[in-house]
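Just so it is clear, A, B, C and D label the chains in written order, and each chain counts residues from 1 on its own.
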Amino acid sequence: MSMIAGHLEPYLVLSGLLFSIGSFGFLARRNAISMLMSVEIMLNAVNIAVVAFGAFVPALAGQGIAFAMLIIAVAAAEATVGLAIIIAIYRNRKTPLVDEYDTMRQ
Amino acid sequence: MSLITALIRAASESGEPAAVLPEYAPLLLLLPLGGFLLTAAIGRRLGKLAHIVPLLAIVATWALSMSLAVPALLGDLGEAGASRELFTWIASGDLTFSMGIHVDALTGALLLVVTTVGALVHLYSVGYMSHDPGYWRFFAYLNLFMFSMLLLVLASNLLVVFAAWELVGLSSYLLIGFWYTKREPGLAAKKAFITNRVGDVGFALGLMGLVAVFGTLDIPTVLAGVAAGELTGTAATVIALLIFCGAVGKSAQFPLHVWLPDAMEGPTPVSALIHAATMVNAGVYLVARMSPLFAASPEAMLVVAAIGIFTAIFAASIAFTQTDIKRVLAFSTLSQLGYMFAALGVGAWVPAIFHLITHGFFKGLLFLGSGSVIHAVDGEQEMPKMGGLAKKIPITYATMLIGTIAIAGLPPLAGFWSKDEILGEAFKFGYTWVWLVGLVVAGATAFYMFRLMGLTFWGKSRIREDVHPHESPWTMTLPLILLAIPSIGIGVLLGFPVADGIIVHGLEPIFHTANEMLGHEHAKWQLFGIDGILMLASVTVASIGTAIGVRLFRSDNGDRIRAITARLQPLYVGSKGRWFFDDLNDLIFVRLGGRVAHAAWWFDRRIVDGAVNGVGALTSSGGRGLRQIQTGRVQNYALGIALGLAAMAIAYLVIGS
Amino acid sequence: MPLPDTLPLIGITWADALFMLLGGVAVAGALGVVLGRDIIRNGLLLILTLGAIAGIYVMLGAAILAGAQVLVYIGAISVLILFAIMLTQSKAAPAKLNFQTQAVPAALISALLALIFAVTLGGGGWNATVFDGTPPPEGTRGAADALFGPYLLAFEVASVLLLAAVIGGIYLASLPRAGQIGAEEEEERR
Amino acid sequence: MNDLLTIAPLLSVGLTAVAVLLSDAITPNRKYAPISVALAGLGITAWILLQQSGGVVTALNGAYVGGPFVAYLGLLGAAIVAITLLISPDHLFARGYPSAEFAATLLFALCGTILLAAAADLVTLFIALELMVIPGYLLAGFAKRDPLSTEGAVKYFLLGSFSSAILLFGIVLLWGATGTASLTEIAMSLTSLTTGVPPAVAVALALITTGSAFKIAAVPFHYWTPDAYQGSPTPITGYLSVGPKIGAFVLLIKLFLIALLPLADVWIPVMVILAAATMTLGNLVALTQGNVKRMLAYSSIAHTGYLMVGIVAAGAGEASGIAGILFYGAAYALMNLGAFAFLAVIQGRPGATVQLSDLAGLGRKHPQIALLAALFLLSLTGIPPTAGFFAKAYVILSAVQAGGLAAVLAIVAVLNAAIAAFYYLRVIVYLFMRDPAETDVQVATSPLLRAGLLIAAAGTILLGLLPGGLIEAVVQALAS
């Protein structure tokens, strides 16, 4: 009898844990690309929850995979735009370190 | 019914009461609005002819408004007045706001003053502003102001009244700051706008309270609800006082009066129009309009009376020592408005509105006259640099003298009738303190007004050598003459016989509900009874003030004052009395009076004004403090988001469980 | 030889063990991404994490999604990220100073969030089925039904989103065209 | 086929975007061609939306619900994009930025806005939101050689994707907890809750509130706004301050006033605090700004607070709250776009910043432009007879009708409206009552820009003088 893998909760806890790790990375890292990677971890954490719901909640059977695929598409779009913006600002500032982008503050 | 009433009624065409206003009524609003739009669009190209459209628009508005105001005051529109629905402004769900106009006797009283003085100010401005490069702009603003003011008076829904209220503030901002190239007018305009805004917050909150209680801002519905006892106790007091806040701001009552003296930086016609005859009356009108609401709360009435009478004496004491001719008039306006609020506060509704009418005419006259004086002496406003102008500008002098006698409360001119009724009712309703202070103010008013006349027109000329005083053109003197007529006669016309005149018959029904709620009943007026004695008292006090003022300021230097009093002393008092008279004069009017006035002035400048400025400074420094959290760094921001998230999760877990 | 139902000696089922392994790799990999010093290694660890998550998808019966994960994420996004890392890795960038000054409060808040998630999400109350072992494999049929049923519009719009992102991304990341502001400056630099 | 007809507004905007790109590919040197194509496409879209304003139509298995609500928001969105397209060329072409990518990106975002209004389930809603905001990141960085623009964009993007992840997690948890993606079914499922809010749903609510508060720039999730707004090219700032914001309020209507309405008692206190903090901070900080663009950025935060009053009122059961939001949205869009268009005019040449002192005496040198600016500022202040007055009055009065906490919030809003007068008025004082500045402010307007300014001005006045018509349209939109 499986104690863990057959229950929904462990997957959700894993999802929450990865989400928190991702948010830590976002809050603590200085490099814009590291921050972007952290956001990707957060989105993947959410995806685990999505797929787990699809698998365990009868009302959502089949929907999980579809939803998760859409989220992957959104993540891809975000990554494309984000990397383009980061490359653009790198051309201007010659640094990927976000805390040096503080020209505007009043 | 008096003979005069009968004569006027015979002259007026409309005999039948009409519940619906005639179809042309909206023109009252459309004419000035059209004048404004047209002048704004093409005025610049018209150059020196830019006044034609706005002037004609206002004269037509005047004629139309008279055709409504006269029947309204005579009660021919019925007690409830007449209305006309224009269109539904906002309609959705439970909130409906319709745009309608309503004319009853109260509206009529306001229309009478607003359009008459308004039209004459337009005419006056043709001469006064003729050399100003912003000629067309000035007339455009004037029409905009007239539109806003008429909308305020005519609207039958408080939301529209509030909108007009703000519009009036906006157009007065434009007019006060008309000479924007100079620094002071700009600052004064901003101060007027912002101080008014403070009062408007209270007004807005009060309106919200009314919506919360009645679900509508339709004036008749709200008032009927109040009369039916749906709003009482603390709620009534709070809402009434909040609405009074708006009135305090717009009518420049203590402590929001600070803007009015500064607003004298605007052109003088503006002072006459806005700061004497129209805008400052809006607060009085509002309180009178909402009379049942105030009657529902004795506490609110008391506050209104106290603030009114305090402003009256406070402003009068400041007017004593002012040397700028327009500032004296400005403080005098504050004082007279205080009178009106004191009247409202004691429940003397009709005399308050009566005084509003008479004051509108004679104060308009005085302001326009002062403009004519300033015009004559080439822009000088300091009275110590005037003097002896009576012969040089006789029409201005004569008309201003009429205005002064009227405001001093000497019979039979206009001010006497209304002021006497205020004092009389205050006494009879048991507000002895209001009556006493009011009496002192009446004497003081007479004094400082004759001081103004003396310093300006009498004695030797102290005018600069190179200035040659000249009488103003007819466009300026004609309005003076036309305003002098009502300043003399409107009191008798409306107020005689006392307590039985047109004004009482016209307005009494409007305040019927409020009077019933207060339990005020009007006994028959008796000349040979308490009323006669009260009248005698006010006339006496006014005469004393006048006598002292005339005596002291008939001439202009201290030596001559003493010499004249020395020569005249045997005629009045004995030797001991002379000593007494001289020293008392010295003590009261020179030393003590000076001190009090100075203290009041200081209090006004430092404490009250300082508090108003202080609020501004405080909010700014608050903003600077808050600005610190904007560090410019993404992660600081993100940390804020994460903190917010965690806090919110905990909050929801707590609230939800 | 058939395998025993549980792991020898410790009595954990294979499914549980697999979950712990994959979950552990994912968590460890993610920690490596956010804590590691070398940004290129961070990128590689991200790929490892995403791979472990793909394994979890397989456990949850979503093999098709695992495929998509490998193709899109590991095959495209991660490679894109690695490219961006190479592009922006200037010599001047100090490799040691990877963390903000606020790293400690960030860690505390993240730990608090993790705690909140663990307590609330792990506390049950979901209308979920319990399976013996892992959930049964989800056929592609069910996913296709959802994707071309209620989510058809979202699916179509996702393609518009990608189009918009690609167009804008190309514009932003490309060097200025001749005649645009900054073009001459770019010429000089070359 | 019927489905395609129903989603025709979406298709029309999407195809217009493609047509814009094609037109640029065919005639690369005609800068105005993409703008013209986009405006024509918007006209067609507006016509289609008007056809659909009659009744509710659904398509694609209920994922798309068209009708008056979509028509209203679609027309508003199309108007915002159209005005942005009119006011931008002067500013962008002077700096050498391409028009095709610009127009297409705006149109993609409009697709997202329309879909947000039409979405009936969480999944479509999220995709629509992303389609609306991702073009926003691109637009913020559109001046890619300008360090400020890219800095604003990178902040907007990073914080935006962070908050998107938070919002998504919340949506997923709500989806899992209720077992359905449909907004109305979620509401039904939540209504049946008897014993308090389950912890998981409470966490989902927190995540959703945080995420959506970020999208509308409510305090304390507003930090990105001033930087992103200041850095972006000015006409784009105008768009960013209205387009995505109104779209985000549609998201709030869908999430909080449909799906999460049964939990209104739980989220109203939080929303009230957020709204009060938002308007107060926005106004107070705006008081201290010397840079006019940044001042307008903070002022737009304050307006977010006023809009949230409508959400609270509607949550407390006052139906006119939503009508208030929709009317406020239209008024705000016109006056704020107008104000930014004015700034764009002043920044005629590249490199010009707009400090308050730069505006001194503009009323004398360029009276027409200054008068229009004064109109927009007065409307933002809430002075009648402009649109801003009725918008504010309507939202606030609906909150008063709702009573309770909403009425308290209404009082805060009134106090704030008074504070706001200080800083808007200061700009007017500089425009008309100061001596002209030494620095020469160049004012050059093309016919397009003038048309954009005039449309915004006309709308600001018309909505103020005759708000009845629009409010009827709004009420009709809500009846669906």
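By our rule, contacts are C-beta pairs under 8 Å (C-beta built on N, C-alpha and C of every residue); 3 or more make two chains touch, one makes a residue touch a chain.
Keep in mind it's a predicted model, so treat the numbers as computed, not measured.
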For chain B and chain D, the touch-path distance in steps comes out at 1
Reported most central chain by Cα centroids is D
For the pair chain A and chain D, the C-alpha centroid-to-centroid distance in angstrom is 26
The distance between the C-alpha centres of chain A and chain B, rounded to whole Å, is 66
Cα centre of chain C to Cα centre of chain D, whole Å, reads 32
Taking each chain's mean CA coordinate, chain A and chain C are separated, in whole Å, by 6
Residue ranges of chain D touching at least 2 other chains are 123, 127, 130, 134, 138, 141, 144-145, 154-155, 158, 162, 173, 176, 179, 181, 199, 202-203, 226-227, 288
Residues of chain C that touch at least two other chains are 100, 102, 106, 109-110, 113, 116-117, 120-121, 123, 126-127, 150-151, 154, 158, 161, 164-165, 168-169, 171-172
Touching at least 2 other chains, the residues of chain B are 627, 630, 632, 634-636, 638-639, 642-643, 645, 649, 653
Among line, ring, star, complete and other, the chain touch graph is complete
In the complex, the residues of chain A that touch chain D are 19, 22-23, 26, 32, 35-36, 39, 42-43, 45-46, 49-50, 52-53, 57-60, 63, 66-67, 70-71, 74, 77-78, 81-82, 84-86, 88-89, 91-93, 98, 101, 103-106
So, in the complex, the side of chain C touching chain B is made of residues 100, 102, 105-106, 109-110, 112-113, 116, 120
Per the touch rule, the chain C residues reaching chain A in their complex are 12-13, 15-16, 18-20, 23, 26-27, 30-31, 33-34, 39, 42-43, 46, 49-50, 53, 56-57, 59-62, 64-65, 68-69, 72-73, 76-77, 80-81, 83-85, 87-90, 92-93, 97-100, 102-103, 106-107, 109-111, 113-114, 117-118, 121-124, 126-135, 138, 142-143, 145-147, 150-151, 154-155, 158-159, 161-162, 164-166, 168-173
As the complex stands, chain A meets chain B at residues 23, 26-28, 30, 35, 98-99, 101-106
Per the touch rule, the chain D residues reaching chain B in their complex are 154-155, 158-159, 162-163, 166, 196-197, 199, 201-203, 205-207, 209-210, 213-214, 220-221, 223-224, 226-227, 263, 266-267, 269-270, 281, 283-288, 318-320, 323, 363, 378, 383-385, 389-390, 393-394, 396-398, 400-401, 403, 407, 410-411, 414-415, 417-419, 421-422, 425, 429, 432-435, 467-468, 471-472, 474-475
